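This structure is in C-alpha cells; I'll ask about it shortly.
Should a chain be cited, it is by its letter among A, B and C, assigned in written order, with residues numbered from 1 in that chain.
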C-alpha cells in the first residue's frame, strides 16, 4: 500500500523538525545576544563620550597653561644666540601696554587682540629638547647595598632622551637631534584633543576646547579657506562634519594676570621678636627652633585670574 | 502493485531521529550555547570597562587639575648650598612635570611597587616598555587631592578606582630650573626696608666670612643661629653697611640697628642722616629736595649700576624717614625736621657733599611713593640683575628669572660631603647669562662665597672649567607649538590588589632628591648628621619623602602578621603624631624607602589577596588622555 | 503496519533530548543571570555617568548654588546691608557712598585687568608690622595708605592723617564685605596681601578682622587664622594653610552670612569632626535621579568649592548605594571649572538685564 500523500509530506517535514527547532532556538539566542550586545555597545559609546568630554576639559587646562607660558616664552630671536628674548606678559608688566613684547616698543606685540591660535594636541614620537622619562635619576639603594638608605645625589638630573655621552665624555654631537626631536605624531594620540584661543582684550581670551579630531577648525569653510594642506587632513567635508558632530566642544572665557602667589610665609621674622625685618632662613637647617625655611613659591609665567564657562558657542572664536 | 512489507518497514524506519540528525542538532545547540555563553560575559566585561572609563576620566581630570593647581611651596627645605649635589632643590622631585609634581603623599600619586608592576601584562607590552625606560606605573589614594590632613579623613568607601593604574607616556621637554642652588633667587624684601639681614648659622670662616659677626643687640635667644647683615656682601654694595650700622667719631651710633635698639626721636633722626649719607655717597640727593609727589622715572640717565643705587637709596631713605612719623608731632613734621650732614668712622667719602636737609611729611610721602616706583620699575625690567632684592609688595612673574641646565657640556663635579663619592650636576645657563654672570653677587646661606667660587673648599667649579654652560643651548624661550608639550596619561585596569603581597611589597625606589637633606654645616660629623639635621614636617614639605609615606609600614613584623589584622599602629601616618622615617638608623631608612610595604588600600588592615605572586595579571587598556606638560613651575590661579 | 519507536530508540532520544534541553536550560540560566548582572551594571554605569555629567555641569554653571532663573533658589543673594552673600549683585553689595577715591571710581570695574605697572595696585602698608604687638617704631604707614580719608591716628600718630593711597584698601574691604572670605580670595589677584589699615574699632594698625591672630587649632570668624606669632600681613598661601575658606551651600540668611566669614579647620590640627563640619558647611549634595525605580542605585552628586593652601578647588563626588548589594561606592575628583567670578558673570543683575552681577556687560 502506498502511503497517502499527507503522510508522505508529514514524514518529509518530520525529518527536519529537530534541526528546525534547534535552529530556531539558536536564532532566538542569537537575537538575544545581538540585542544585548547592541545595548552594551551603546553604553560603551556613552562612556566614550564621557571620556571625550573629560579630554575636552583637560584641554581647558592645556589652554590656560599655554596662555601662561606664551605670556613670556616663545619669542626668542635666533639672530641673537647668546641672549634669549622673552616677553613681559600679555599686559606688559613694565608699562601696562598690550604684550607680549620683547622690547619696550608697542609695535612689537606678537599676538595682538583679535589673534587666534589653533592648537591640535598630539604626542610627538620624541619632542624637542626631550628628557629621559626615568622617574629616578638617583635611586636610594636598597638593603642589599652598602649605601642602603643614603640619599646620594651622584648623578646629574635630568638627562636628555638622546645620548649626550654621559657618564662618559659629554659633548654636543647629538645636539641637533635633541633640538629637532622626532615630530611624527604617535598614532595613539592623534585625533583626540585640541584647544583654540582667541584674544579678545588685553588679558582676556575665549578658549575653545575639543575632545575629538577636528584639530580646532571651526567648520569646513575655515578648513577650505586654509588651503589644500588643510583640506588634505580630512579629505572630504563629510569626514570633517562627522568628526565635528562626534566631538564635544566647550567654550570658556578666561583672564590672565602677571600676579603670582606670594612668598610672604616665613619670609620675614614673624615670630614674636623685635626685628621683624630679619629674614627667616633660606635653608631650614639654618633656622632655629622650628627648622623651617621661606616658602619658595615659584611662578615665572603668571596666573589665570578667572574662568567663565560660556553657555553656548560664541559668535567669534 | 502493492508495496512489499519490506518497503513498508523502510518507511516506518525513516520516521525516527537518525543519529546524524541528533549529532548535528547537538553540534548546533552546543555552538549556540557556547557562543551565547561567551557573548554575555563579554557584555559584562564591556560594562565593567565602561565603568573604568568613567573612573579614568575622573582621575585624569583630577590629576591634570592638581598638577597645575597645587602650590609650589616647600616651607621647610634646604635649597642653597655651594654645590648642587649638596641639596635636592634642582633634582627631579621638584621638577614641574606631572608625575614628579604629583608623586607626593599630599598630592596623591603613588608609584606601584616595581615587584608588582613587573608582573603586569598589557597590550603591546606597553607597561613593560614604560618600566624599561625607567618610568613608573602609578596608583592613587582616594581623597588624596582634597588637601585635607590624611588622618582626619575617615576610611573612604571602597574605591574601585584603585584598580586603575596609570602612567605618563611621552617625553617631557627639558624644564626650567626651579631653584638656583648657589643663590635661590628671587630674594624679597618689603619696600621700604633696611639693608637685608637674616637668620643663619653662626659659622665664621665657613658659611659666613671670617670677619662677619652676628648683629649684636638682636634677640639673643638663638645663639648659634642668629642674625647677619647680608646685602652689603650679597649685592656688592659695602656702602649700605653704614645705613645698617654706623658710628661717628664720638662713638654715637647711627642707622637701622641703632634705631631698632633705641627707638626714639633722636635715633630716628640719626637713621635718616645715615640714609642721607648713603644718597650723597651715591651722588644724588638734591633732586629730592622739596619733592611732594613721587618721582616716576630715574633721576638723570643712570646706567645699570646707577639704577641699583637709586633703588637702594630710596628704599633706605623712605624707610628711615617714615620713622619720623612716630616721633615728630604732625605740625612740626609738616614744617620740616632739619637733618645735618654726618661723617662715619671708616666710611668712604661721599660722591657729593652732604647738605643740611629738611624733611617734611609731604616729602616722606613722596619718598615712599618714589621708593615703590623705583623698585617696581627695576624689578619689571631686570630679571637677571640679582643685586637688588625684589619687592614683596608686588610679586609678579618677572621676579623669576628663566634658568636651565646645559645638558650637552661636561657637568660640574665634586664629592658628596663627608664621603668620597663623586657627584655631578650640569652647568647653569640663563636667558641672559651674560648679564647674570656680571650681576649675581652672593647667596645668603653661604655668604662667604662668590657665585661662582673657585675656593677649593667649596668646589662649585670643575677645576678651572667655566661655571656657566653654553648660552646658545638655552631653549626655554624658543618659539614652540603647544603639541611639543603634549604628553599622555594612559590608564589600565588590573586587580593588582589581588596579589598576596600587594601590601607587603616594598615601595618603588625613591629618588634621593626626595630626602630632606641638610646643606653642609660646620658642626656636621658625617653624612648621617646631614640626614638628621632638621625636622620632617609633612605639612611643610610637599616635594619630599616617599610618596607612600603616610601609608608606609614602620615595622618588619607586619610582614608576618595575620591577614586582616589591625596594623594602624604600624602605619607612618602624619608627622604631627610621630616621625618614623627621619635619620640614618636602619629602621628610619627602611621606613623612608618603604621597605616593609604600605597600607595601599588605606583601610588600616593588613590585606593579602588570593593571587600568588608567581602569577601574572593582564591589564586592560581603559583610556588615554592628552595633556599639556609645562616647562616651568607655578600655580594656575 | 506502523512501526513505533523501539524502547532503546526512545531512551536514546529522550536522553539526548534531555541533554539538549539541559544545555539549553543552563545556557538560558547563565544568560539570564549575565543579562541581569550586565543590566545592573549598565544601569549603575548610566547613573554614574549621569552623576558625573551633573557634577561637571554644576562645576561650570553653579546652578545648585544659585539658580539664575528661579528666585526661590537664590540662597546666596542676600545681605544685611553691610555684609553680603557671594551672589548679591555689586550694584547692591559694592556701592559705597564715597564714589571716588584717589581720583578713581570707588567701585568694582569689571574690565580692569589690575596691571602690574599701575601704582594704585601696590601694597603700601608696612609688611613687617605685627597686628597685635607693634610700637610703630618704624613709623605710621597709615599716613601713606588707609581705608579712611582722614584717619585719626591718635596722639601717638599725631592726630589726623591724609593718606594719599586709599583705593586698594577700599577695593579689598569692599570685596570682603560684598563676597565674604572665599569670594575675596577669588577676586583679589594671586599676589594680594591680606591686610588693611583701620577698621570699625580703631584707625590705627591693621584691621583685626583681616589680621588679628587666633589660637592655633581653633576655628574663628577672622580672615587670619594662625597663632599669635603669625600676625604679619599674609598672602593666600598662609592665609588658607591651616584653615580653608569654603563657599557655604547649605545655609541661608544670617547663617550663611556667618559662614562666609568663617574659616574651616582641615589642615594640620584637624580631626574627623572638623572634616565632618566642612562637609556640612560646604558640600552641596543632591540626588541625581529624584524619581527612580526602587531597584536602581541611589546616586548622589556633590560639589564643594573652597580655597586651601592658596589652591582654588572644585571638588566633585558621585556616590551611589547599590540596592542589591548594599555597597556604597564613591567617585571623587577635582576639576578646573568656572570660578566664582565667572559664575557671577554668567548671571544677570536683576536691576539691569544688560549687566551681569559684577556690573559688566552681560555675556553668558
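Assume a residue touches a chain if its C-beta (ideal position, glycine included) is under 8 Å from a C-beta of that chain, and two chains touch if they have at least 3 such contacts.
Here the structure is a predicted model, which is why all the values come from computation and not from measurement.
Counting C-beta pairs in contact across A-B and across B-C shows that the higher total falls to A-B.
Closest chain to the protein centre (all Cα atoms averaged), using per-chain Cα means: B.
The mean-CA centres of chain A and chain C are about 26 angstrom from one another, to the nearest whole unit.
For this pair, chain A with chain B, the centres built from the Cα atoms lie 22 Å apart. Computed centre separation for the pair chain B/chain C is 26 angstrom, with centres defined by C-alpha atoms. Chain contacts: chain A has residues 22, 25, 29, 32-33, 36, 39-40, 43, 46-47, 50, 53, 57, 61, 64, 89, 93-94, 258-266, 268-269, 277, 295, 297, 299, 303, 305 touching two or more partner chains.
Looking at chain B, one finds that residues 8, 15, 17, 22, 25, 29, 32-33, 36, 40, 43, 46-47, 50-51, 54, 57-58, 61, 64-65, 68, 71, 73, 190, 193, 260, 380, 392, 395-396, 635-637 touch two or more other chains.
The multi-chain contact residues of chain C, meaning those touching 2 or more other chains, are 20, 24, 27, 31, 35, 38, 42, 45, 49, 52, 116-117, 127-128, 190-191, 193, 237, 241, 310, 335-336, 339.
For chain A in complex with chain C, the touching residues are 22, 25, 29, 32-33, 36, 39-40, 43, 46-47, 50, 53, 57, 60-61, 64, 89, 91-96, 201-204, 252-253, 255, 257-266, 268-272, 276-277, 295, 297, 299, 303, 305-311.
Residues of chain C touching chain B in their complex: 1-3, 5, 9, 13, 16, 19-20, 23-24, 26-27, 30-31, 34-35, 37-38, 41-42, 44-45, 48-49, 52, 116-117, 119, 121-124, 126-128, 135-141, 143-144, 156-161, 164, 190-191, 193, 237, 241, 244, 266-272, 274-275, 278, 308-313, 315-316, 319, 327-336, 339.
Interface of chain C with chain A (complex): residues 20, 24, 27, 31, 35, 38, 42, 45-46, 49, 52-53, 56, 60-61, 111, 113-118, 127-130, 133, 186, 189-193, 228-238, 241, 310, 335-343, 345-346, 363-364. On the chain B side of its complex with chain C, the touching residues are 8-9, 12-13, 15-17, 22, 25-26, 29-30, 32-33, 36-37, 40-41, 43-44, 46-48, 50-51, 54-55, 57-59, 61-62, 64-66, 68-71, 73, 142-143, 145-149, 152-154, 156-161, 190, 193, 259-260, 263, 294, 319, 322-326, 328-331, 333, 361, 364-365, 368-369, 372-373, 376, 380, 391-396, 539, 574, 576, 635-637.
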